[in-house]
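Across the two complexes that follow, chain A remains constant while its partner is chain B and subsequently chain C.
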Partner chain A sequence: MEKRKEIFPFGIPGHNLSEIEREIPNDEPPAWPVNDQLKEVGKRVNRIDARAKVTGEAKYTSDMKLSGMLYAKFLRSNIPHGSITSIDTSEAEKVPGVHGIHIITKNKEDGMVGNEYPEIKYVGQPIAGVAAESLSIAKDAVAMIKIEYDPKSFVIDLEEAMLPDAPLVFKEPIQRQEDGGDVGVVHDGSKGQGNLRGPTTSSFYGGPRGDLEKGFAEADVMVENTYRTQVHTHMPLETHGVVIDWKPEEMLVYASTQNTAGVRNELANYFELPKSQVRVICDFMGGGFGAKHSAGSFGPMAAILSKKTKRPVWLMIDRKEEHLAEGNRPSSIQTLKIGAKRDGTLTAIQQKSHGTAGVALGAGVGRIAQILYDCPNFKTEQYDVLTHAGPGAAWRAPGNVQGAFGVEQAIDELAEKLKMDPLALRDKIDKSEVRKVERSRGAELFGWSNRKPAGSASGIIKKGMGVAQSCWPRFVTLNSSIEVRILNDGSVEVRGSVQDIGTGTKTILAQVVAEELGLKTTDITVRIGDTLFPDGPGSGGSVVTQSITPPARNAAYEAKMKLFNQIATKWETEASKLEAVDGFIIHKDDRSKKIPFKEALRGMRTSQISVTASRSNDYGGFQQPWGLAYGDLGSVQFAEVSVNTNTGFVKVDRVVAAHSCGRPLNMSQLESQVNGGVIQGISYALYENRVMDKGTGHFMNANVDQYKVPYSMEIPEIEVIIVEEYGALSSTDAYGIGEPANIATAVAIANAVYNAIGVRIYEIPITPASILKALNKIYE
Partner chain B sequence: MIPESFGYSAPSSLIDAYALLEQHGDDAKILAGGHSLIPMMKLRFASPTHLIDINKIPNLSYIKEEDGYLKIGAMTREVDLEESEVIRHKYPIFTDASKLIADPQVRNFGTIGGNIAHGDAANDHPAVMLALGAEVVISSAAGDRTVGIDDFFFGFYTTAVQHGEILTEIRIPSLGPRTGSAYHKLERKVGDYATAGVAVVIGLNEDGSCSKVGIGLTNVNPTPIRAARSEQILLGTTMSESDVAQAAQYAAEDCSPSDDLRGSVEFKKDMIRVITKRMINKAIQRTKL
Partner chain C sequence: MEIKPIKNTFCKYLKAKSPYGTTEGGENPWFLLDEANTICWCIKSAGGAGPDDGLVAPRECLAGRSCFVAPEN
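For the complex of A and B:
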């Protein structure tokens, strides 16, 4: 590929904006200037599907009603550990309206030794499914299946699971589930013994660094503490589920999924079908935070029931099932030891963690301790502890949210020992230029200078201020393609399998394509979330924006050049002399020569121009060739809280969240995502908590009544600062923001609570009782 | 979350309702706002075979001052209490309580009669009624009878309302001059049932000493409970800081909360102590309004 040189904006406007020359392949579009000089990109453009969503016209998976459709319901285990000795479906089969029942049996590769049913390892494990003419018939039939168990002893508590005589969850080495999304760090389930797996000591940023002993010997000041985080389940508005119509020629799947292409691959593989005969559609998504990458157990169940009954089958799980079985953010118990010199320079960081993802792996605490701060000597040991509880899954910034809760409190504790302001210490040890800007702009808006010494507030209700930082890798899914079609009436269509998880992917694709074609965002029709179209990335790891907007722009650019070539021939000029601006195609040297975009294709030989483009490599290359881009997605969040020292109740009064995501594409959508991340962070810090009953192994609060998430009344004022940061890395230079939005909030609140009451809380959720206990007001 | 099947009638008079109660026997339930009953049916904790919907019966929704009482019709919605001028000015304890009940959707339909007749110690009105010394009018084909609030709650979800009877009115003895009332509950987050709640009514003599006191507690006992020792120690005193602290301490000692996801026994008792003190002081302050 021939290359050319191109000048790109580089750096942070208002701070260090400059230019950089990059050599880029010739087929890449010209560099975009900073957002100020663009018309659609970077603006507060309304969501193109806002009307459909607020009027209820938008059809979600659970809304699908196909002709002859049956409703399916799972039978799930009522015991945490044991084997199934018999299942009798005869009564259930007789229920009028029941069309099919399927019992899950061991896979062929499991050997089918002895018992043919898989061992039960947690309450809520799927056992069988019933398809019936209505959901209530299916439920009644499920209740009539007779099942006998041979129960075995179980363990649901992390620390008890580590005892030598604890009941074993798996006797054999295990593998991390595929298609589960990124779950923190790569775990090897073949190491370890008993219920312990690990340790994981490295990540794609490398392994241990330097010499810990030497580092701690050089330290003037040390902090060592243990931090605990709870199991946090997924609560998207729309639960997991599918509607599947398995026709002879094609398996048609409507899925509430973060990854249409992934679900297609999974189902094709499971049923040994060609990928071309499985079509997965997710037009509107009712929320997903990491656990909706897979076809799960509901996908195969609905498919089998559809095949058996020759009817479409609707299988959306209910809220209780969502809590029990469809993923959670694993717990953690993290011990951190950090050494520093008198001036704040870090000399050593040692991290050891245990966490439980129930019957799954993935309880690592991420990469925050490893890379957020400059430190020559570093070691981590992260263990998974298996328990008889529902499987963990990716959950918005897997690992990093838990990791930040430890690291960012420890850094604050260090600052106090060093008698430094928490921001001043971070200025010293954080090499990130963008976080430096976020700290300074955030501190100013927040009023950080009004912060008082910890515990100095008087009165019953004490106010406090806290800050915390985050980082998240810039992952790029290189297998990301998208098609742009210009039709002969001038309408433009964008098509891809990439789904809009709800963050506004459809809108940013329209913005990028409109910008390139000199049109309005509303001129572009976006048809995505359908595997009929080119494969795009899954909506996980905050990868979508950086993976799919460059190919969208490149496809639009290439289609435009094809159009220009045709017009240039007519006008007896060259394509390079034309530009597309404000709905016209114009001759740059003779601006009177112009044609409305809508008319440009008329009279052409073909009725459309269609271009599919794929993600090209970053202009400056990658940190890791599989798609780890340079830079990170950093944030700094500030929180102000009020703590009632009589009742222990904590109210978050205010959050200022300063974030970066390369070139911002849509300010309103970015703010919306950060708001969501902050709200989930508040919920994680103060409310949500899976409570298991040790006597029965049941999840006690698997509902919306007792599993607390905030109402609007608990939500504080949230102010969002988006820092533009140009890296000249791709044709859009834009990145996602979904996960970074959720990392720093809980620990910023913990630091603010400390500032308010002068006593540190080492465990979330921070409850009124935990505050009173810390204040020695009640003794448990 | 789907109830078992049930029959449904919506009579247009109390006479018809009594007849339906007679006809359907013990398995019939009265449906008022439905915000306690319907969830219990959906969870299949309750499976009445017949619902008698009294929403169409006229003249059961009112707030009026009459014969030395504030009379509230059983079908008065929470939102009506919230918005009533009489209540806001003279009985702010109701305004305090109504605002804390669930969420606006529930308050638009939930009724005060249902809140009390449900016999749930987690509901907010029972404690308020205990503090106010309310009387409950229970009607049947045989006529009306009046039961004092202290004799109303029998046990877990059981009250003085017997089969064939319908709770029709709540009567609050008019509060004299120099009276103040207040209610507050702690909730894990807005809309939750109380972790602990306290209702207080205080009346003052002209010399400022305590002439009247009522203290009711929410969700810290199997049945709604009056903090009797706390009342006794305040009556006749000037309600000094130490009197109030002692009253709060007694309330904490005398309640019997259970350990659950809202908190431990010890935590809830301590919250009763904190809130009792706060509500006594707030009620005293309101005597001056």
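For the complex of A and C:
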């Protein structure tokens, strides 16, 4: 591929902005200057779908009403562990309005073990589904299905599940050949015995480093403590679900999903259909925070019922089912030991964690301890503990939120032992330039200099201030493509399978294309969330912005150059002499020579110019060739709290959140995402908690009443600082912000609570009871 | 140090969501580079346990298991 050299802005405006030369592919556009000099990108552009959302015009999956559509409901287990011995659907079949019943079974061809019914491993496990003319009929019919169980002993408590005689969630060993494979020295998290799996000792940043013993021997100061985080379930406004119309020629799927292409692939794989015969659409999305990447059990169920009944089937799960079975952030018990020299230099970090993702694996605590701070000696051991509870799922910054709760309290404790300001210690041990700027700008806005010594506040209501920071990798999904079409009626269209989960992906795509074509954002029509169009990334891991906006800009540029070639021929000049600005195509050397963009489109040789572009490699290469980009998505968050020492209530008064995401594309949307992340962090710190009954294995607060989330009066003033940071890595140089928005909040609150009352709380949620216990005002 | 994807042949129905994206059943090599935060499920059973009621995980979903299905490619 032919390349050329371009000069890009590099660094942080107001801090160290400079320029850098990069080699870029010849077919990619010239470098954009910093945002100050752009017209659409980086501005507070309104969401292009705002009107549709606020007027109710926007149709979500749960709103879909297709002709002849049936409504489906799951039958779920009400025991946590056991076998099904019989299922009798005869009474349910007689209910008027019932059109189809499907029982989930195993079969010999699929390698079944035991009887035909899957073993029950948690309360809420799907067993069967009913499709009927209304949801209430479906529910009535579900209630009439008779199931006989052979119950078995179960365990839902993490620490009890680790005991040698604990009931096993999965029988061992699984039958397979002796040389069935080796997942490699560093990928060892699924080995183990009993209900314990692990340890995982590495990540994509590598494995252990240095010599822990030597590092601790060199330390002048040590901190060692255990930190606990709870199971945190998913609470999107729109629950998981699909509407499926399986016609002979195509399976049409409306899905509330973060990954249209992933759901299409999964259903195609399940039913052994060509991908081209499954179409997944997600036009509007009522929230997804990591758990909506799969077709789940509801996808195959709705498809089977649609095929059986030859009618479209609506299957949206309800709030209780969402809590029980559609994913959660696993719990953690983390022991951290950190050693440091008197000047703050870290000498060793040792981390050991246990967590439960119920019947699944993946309860590690992320990479925060491994990479946030400079430390030559590091080791982690992360264990999964299987329990008879619903499976975990990715949850906004998987692992890092739990990990930050330990690491960032330990760093606070270390600062106190060293008699250093927590920010000064972080200035010493954190090599990130952008977080240095975030600490500085955040501290100034927050008024960090007014912070008082821990526990020194007087009165019943004590105020405290805390800080914490985070990192999140810059992942790029290389399999990201998008199409830009310019049409001879003057319109411009962007098309892709990438979905907008509510963060504003449609708007940033329109901004990027508008900027490239010299148009307004409102001139661009964006049709995404449909697998008829080129495959885009899943909306997870904060990957979307950096994965899909560069190909969108590159496709717009290429389409523009094709148009310029046609105009240049007419004007007897070269395409390179033309530019698109303010709705016109202009000759750079003779600016009187210009034509409105839309008029130019009318003169095209064909009715459209269509270009599909895919994500190219970063200009400076990657840290890892599969798409781990250089740099990270840092944040520093400050929290101020009031703690009522009589009642134990904690009120978060204020949060200042300083973040970076490369080149900011839309300040309003970024602030909105940070606001959401902070609110979820507050909820995690103070309210949300899955409560399981050890006697029955049931989730006791699977609702929106006793599963607490903050209401409006519990949400503080949130001030957001977005630090522009240019890395010259792609044609937009922009990154997502979803994950980092959520990582530091809970631990910043925990540090603020310590500052207020002078007693550290090592477990979340921090409840009135935990405050009063810490203050010795109530006892176990 | 470059961390390489796994070269093993996993079951066609094994799927995973890791912090950086989903790994599709049957892909080879598999991009499972951070197992500590990766949640796996079986496409065939649409859940965290396989058709044999066993654990769904890269170490487990390999040739020889009763429910294993080799990817086509």
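By definition in this document, the second predicted complex is superposed on the first by the 754 of 780 C-alpha atoms of A that agree within 3 Å, B and C clash if a C-alpha of one lies under 4 Å from a C-alpha of the other, contacts with A are read in each partner's own complex, and residues count from 1 in each chain.
The working rule: contacts are C-beta pairs under 8 Å (C-beta built on N, C-alpha and C of every residue); 3 or more make two chains touch, one makes a residue touch a chain.
Remember, it's a predicted structure, so these values are computed and weren't measured experimentally.
Trainee: With both complexes overlaid on chain A, does A:209 touch chain B (first), chain C (second), both or neither?
Mentor: neither
Trainee: Considering only the touch criterion stated at the top, classify A:307 as touching first (chain B), second (chain C), both, or neither.
Mentor: neither
Trainee: Touch test for A:352: chain B only (first), chain C only (second), both, or neither?
Mentor: Once the two structures are laid over each other on A, A:352 reaches no partner at all.
Trainee: Please name the chain, chain B or chain C, that touches the greater number of residues in chain A.
Mentor: Looking at chain B versus chain C, the one contacting more residues of chain A is C.
Trainee: Does chain B (first) or chain C (second) touch A:394, or do both, or does neither?
Mentor: second
Trainee: Contacts for A:473 in the overlay, against chain B (first) and chain C (second): which applies, first, second, both or neither?
Mentor: second
Trainee: Just checking: does A:593 make contact with chain B only, chain C only, both, or neither of them? Give me first, second, both or neither.
Mentor: neither
Trainee: Name the contact category of A:772: first (chain B only), second (chain C only), both, or neither.
Mentor: first
Trainee: Would you tell me the residues on chain A in contact with chain B in one complex that are also in contact with chain C in the other?
Mentor: No residue sits in both footprints.
Trainee: If you look only at chain A, which of its residues touch chain B in the complex?
Mentor: 135-136, 139, 318, 646-647, 649, 687, 691, 700-701, 706, 708, 710-711, 713-714, 767-769, 772, 777-780
Trainee: So in the complex, the part of chain B that touches chain A is made up of which residues?
Mentor: Chain B residues touching chain A: 1-2, 103, 186, 188-192, 195, 261, 263-264, 266-267, 270-271, 274-275.
Trainee: Report the residues of chain C in contact with chain A in the complex, numbered from low to high.
Mentor: Answer in residue numbers: 1-3, 5-6, 8-9, 12-13, 15, 17-22, 24-26, 31-41, 43-60, 62-68.
Trainee: State the interface residues of chain A toward chain C in the complex, per the touch definition above.
Mentor: 104, 106-107, 110-114, 118-119, 121, 125-126, 170-171, 174-177, 180-184, 186-191, 197-198, 200, 203-204, 206, 259, 262, 265-266, 269-270, 290, 293-297, 299-301, 327, 357-367, 382, 386, 391-394, 397-399, 473, 475, 477, 537-538, 540-541, 543, 624-628
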